[in-house]
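Multiple structures are listed underneath, in structure tokens.
Okay, so chain A shows up in both of these, paired with chain B first and chain C after.
What follows is the complex of A and B.
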């Protein structure tokens, strides 16, 4: 049945509505944690519900959605990331008096939006998915209502996001005017017959589309909102923004550029190459000066958007495989890192890098896992980040972009600087003589850290299965 | 006399003027009323394009319901003096406030003019390249039926997702405006 494709989305929507209803019966002062656990059950259900759709491939629902390897891979990743965000949220939501029902329901809506985005075969379906994810993200960013920074974050995010959506829509409207279709495959067909791909009008449409997506993935020079938003948002939501919002936008870009605008590859791949270098360099250099760990990771995530864009610059099947693997590794790494930051903020140690002094003696698991995650972000074996970078490296060399590969290598070296700063603070601070107070590992955060840590290492040591999965994604290429 | 051109010019003037006033007027209730005028002018464009159903929806939903809600929101919000006070200012100050901004001077105006220039160039190109013919196609016999058919067959999935978007927006608006401790 064709609805099999939509079962996970339907399950999540029903669970989200159920959470909202359940929250209405929540008593004053009653803990909302059970809502979070219900949400996790729902997400696990959605993960199982992916199963019936495995055999289905091709466009469904009159060409609105598509079912293929790319969709399947990223839907599964979105749900897994969703489970991790839920796990790290439960204690945080309690501590900060965030309305639990609305928080978890909006998170689920955001994940549904992301799933619609990665499954869209039509620009219209993509756009409503984007808005669903974006609106849920705006509201979640402002959930700390008595925190000044959170309010600043949501305002900046909302205004920039709305502008980006308008720019994307304008680009889409120009493409619609040129080709008479909003279908991604239809765009490709129209450029093959009739529509002149080198027309300056096509270029204008392309510029609008790329600028709009640039905002969404926080590529330089469209990144100015990112640092403040990531810093002010509730920490689990920062993790959500840096992985789900960014990742889903990248996946849609893969389909739009690699499939829909395939005839214009020469134009957009060159533009992406330039954007990639600027983005990774500016992100890494700005991260060097940060005192707040969330702000540092915001700039680091800007730099990572730059690395991922190398796959677009290469514009080959290898590039696509590399990006997919990189997004997988980056998503798990960031989830683990942010889980530890959530644990630190739950313990009242703050978000400043200074607060991480002597963490190795307070909680060895967190300290060592942070080292693993940093290694993965830098791209040092035996972690998943290394393999992701290696695949992108290979792709850029294969596409004769040696300078781009070189820029990646130099940038990885720069990034060692700020990650090492944190590690130094955690391990080498010998000032205080007495044994510091231990920081206990809580069950939920510990689970996230163990899962992501193990996965990051598996991605680095036994990658063949996941490389195979990632290369399946490249099947979307015509 | 070309009535169509005249109507178009009238609607364009109304749309641009009222949209400009929405963002520059100091009375917040006036801004809401100008917003209603903007929506009505837009409905006029839809009518000129023979999109009768869209024009009616535009009037009912936007000029009617949305503007009414905006006015309600203004009246129910915390501010006692919802009419807004006229700002005491000289003529030059008023011009400065309308066309410039506190920190950036006339930069916003320059950017807006730049964007407008780019749009004009792009649309001239569109017409020159012949992608969009200036001759109107045959008007739909019954646009309501056509829209309904498309909406509930081909575009069913986006249509359903939009309802989720609206729900998420509603929850978000309530959450962001509610103060801590209030239930």
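What follows is the complex of A and C.
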């Protein structure tokens, strides 16, 4: 039996339920940090449980879930990102009096949802995973119950997310009607022999699916909720949304579009090319005016969704590899950046870019690591972001989309503007004569920053192992 | 028997009403109801296709049950969110919830 591949999910679900139970016995005013550490132990257990499943490929639950290179890669990434989110949450949860049991259990459920999404071989399984992740994210976004910004963030996120789910579902129902199946491989087979419907119906189904996914990954023109939600959400949850929700949606899209809708490549790759250019341009231009660092990073993450979509526009194995590598580099970079933002807000320095004045003299580690992460986001060597962008660049040239590669380069140049603004604030404000109060590095945040910083540099300097892993992912292609 | 496209036309009309309502209304509960309409259009689609499908009749019906179950969970959290905001601020209009912008 191939249940081996499900052990990580089972472990995480059991741990999440255990956390909820443990929280029920928690006394008033007692610290909930141990629940967070328990969750980290569970995640490490899941990472170990992933080990025996390496190399196994096949289907589980009658073709609902699948185990292959793509699944393994992103399951491992999801668990690692989960550990980082837990580490950066522990102090934040304590400080803001967030109910710890619910918070950590929901995070674990969200990660399980993401793992089901990346493993789904059937649109039904994908929908269940999507909703598991989405519902957990809604609740997490609203965890600061008395904070009006968090309330507004969750309302906007929920209404947009539910609308997006309904639109995706309508697309799925049309595909089911056209092909008589919801299996992704089944879609591909049905399109080869011809579907029972007109071309315009196929296009309508495709448009619904793409619009729904556009909401989920915050592609322009479906991005309007993203900046508000990212700004208002608790900061570790912003990191979670920008990496896990977005990343898992991209992975499912890879499987649905590259495998299931392979016969329609001509149609969707052109649409993605246009979406990619609009998304990266609008994201980068809007980021230039932001005063709040979370809002700036929200627009930056919209722009990055645009870069990743270049892989879909190219619609080749190279594009798939490039996207995989880019998501890996982007996930680690964003985790590190948000960890520093969490540290700043724990220290009471706020979320405005002005609050970062003179950070280099308060805490040199944070300031320099932020520079590394910004370099990675811009795409300057020797960082992982550079290589990710390079691979996507190569893919788009290989697919004869030189104008798209050019748009990427121009957009990277625009993005230097707002990242440099923050760096300038951190380093060049020397007007105060007295030595500013030092900001100590806390153990958990320090750990996240060191891990992600090291990984971002490894991805840029010694990338061969990870490039090999990413190119394995292209094996899902028919 | 009523032909398939009758069901599909009703479903499209339901879906359009839902999307129009979700975009037009400013009361969050009304938006929620509109989204439920859209989901019901999806269910109608799935069940009609399942009834007329030659291959696999159960699949569409099972999918519809999943949609109903998950939609219930979604509504539960949606109502909790609206209640949280209404209790504290007594606002029923999403246009007045506008701290975040730019």
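Going forward, the second predicted complex is superposed on the first by the 474 of 478 C-alpha atoms of A that agree within 3 Å, B and C clash if a C-alpha of one lies under 4 Å from a C-alpha of the other, contacts with A are read in each partner's own complex, and residues count from 1 in each chain.
In this text, contacts are C-beta pairs under 8 Å (C-beta built on N, C-alpha and C of every residue); 3 or more make two chains touch, one makes a residue touch a chain.
Just so we're clear, the structure is a prediction, and the values are computed from it rather than from any experiment.
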item	value
Which superposed partner A:173 touches (first chain B, second chain C, both, neither)	second
Touching partner for A:65 - first (chain B), second (chain C), both, neither	first
Chain B versus chain C as contact partner of A:99, first or second or both or neither	first
First (chain B), second (chain C), both or neither touched by A:116	first
Touched partner set for A:143, first chain B, second chain C, both or neither	first
Contacts of A:203 with chain B and chain C, given as first, second, both or neither	neither
First (chain B), second (chain C), both or neither touched by A:295	second
Partner chain(s) touched by A:129 [first = chain B, second = chain C, both, neither]	first
Chain B and chain C footprints on chain A, overlapping residues	124, 127-128, 131, 135, 138-139, 142, 145-146, 154, 174, 177
Chain A-touching residues of chain C, taken from the complex the two chains share	8, 15, 18-19, 22, 28, 31-32, 35, 38-39, 41-42, 45-46, 48-49, 53-56, 59-60, 62-63, 66-67, 70, 73-74, 77-78, 81-82, 84-85, 88-89, 94, 97-102
Residues on chain A engaged by chain C in the complex (per definition of touch)	124, 127-128, 131, 134-135, 138-139, 142, 145-146, 148-149, 151-156, 158-159, 162-163, 165-167, 169-170, 172-174, 176-177, 180-182, 227-228, 231-232, 289-290, 295
Of all residues in chain B, those that touch chain A in their complex	118, 122, 125-126, 129, 131-132, 153-158, 161-162, 164-165, 167-169, 171-176, 178-180, 183
Interface residues, chain A side, partner chain B - complex	6, 13, 20, 28, 61-65, 97, 99, 102, 105-106, 109-110, 112-113, 116, 122, 124-125, 127-129, 131-132, 135-136, 138-139, 142-143, 145-146, 154, 174, 177-178, 195, 199-201, 204
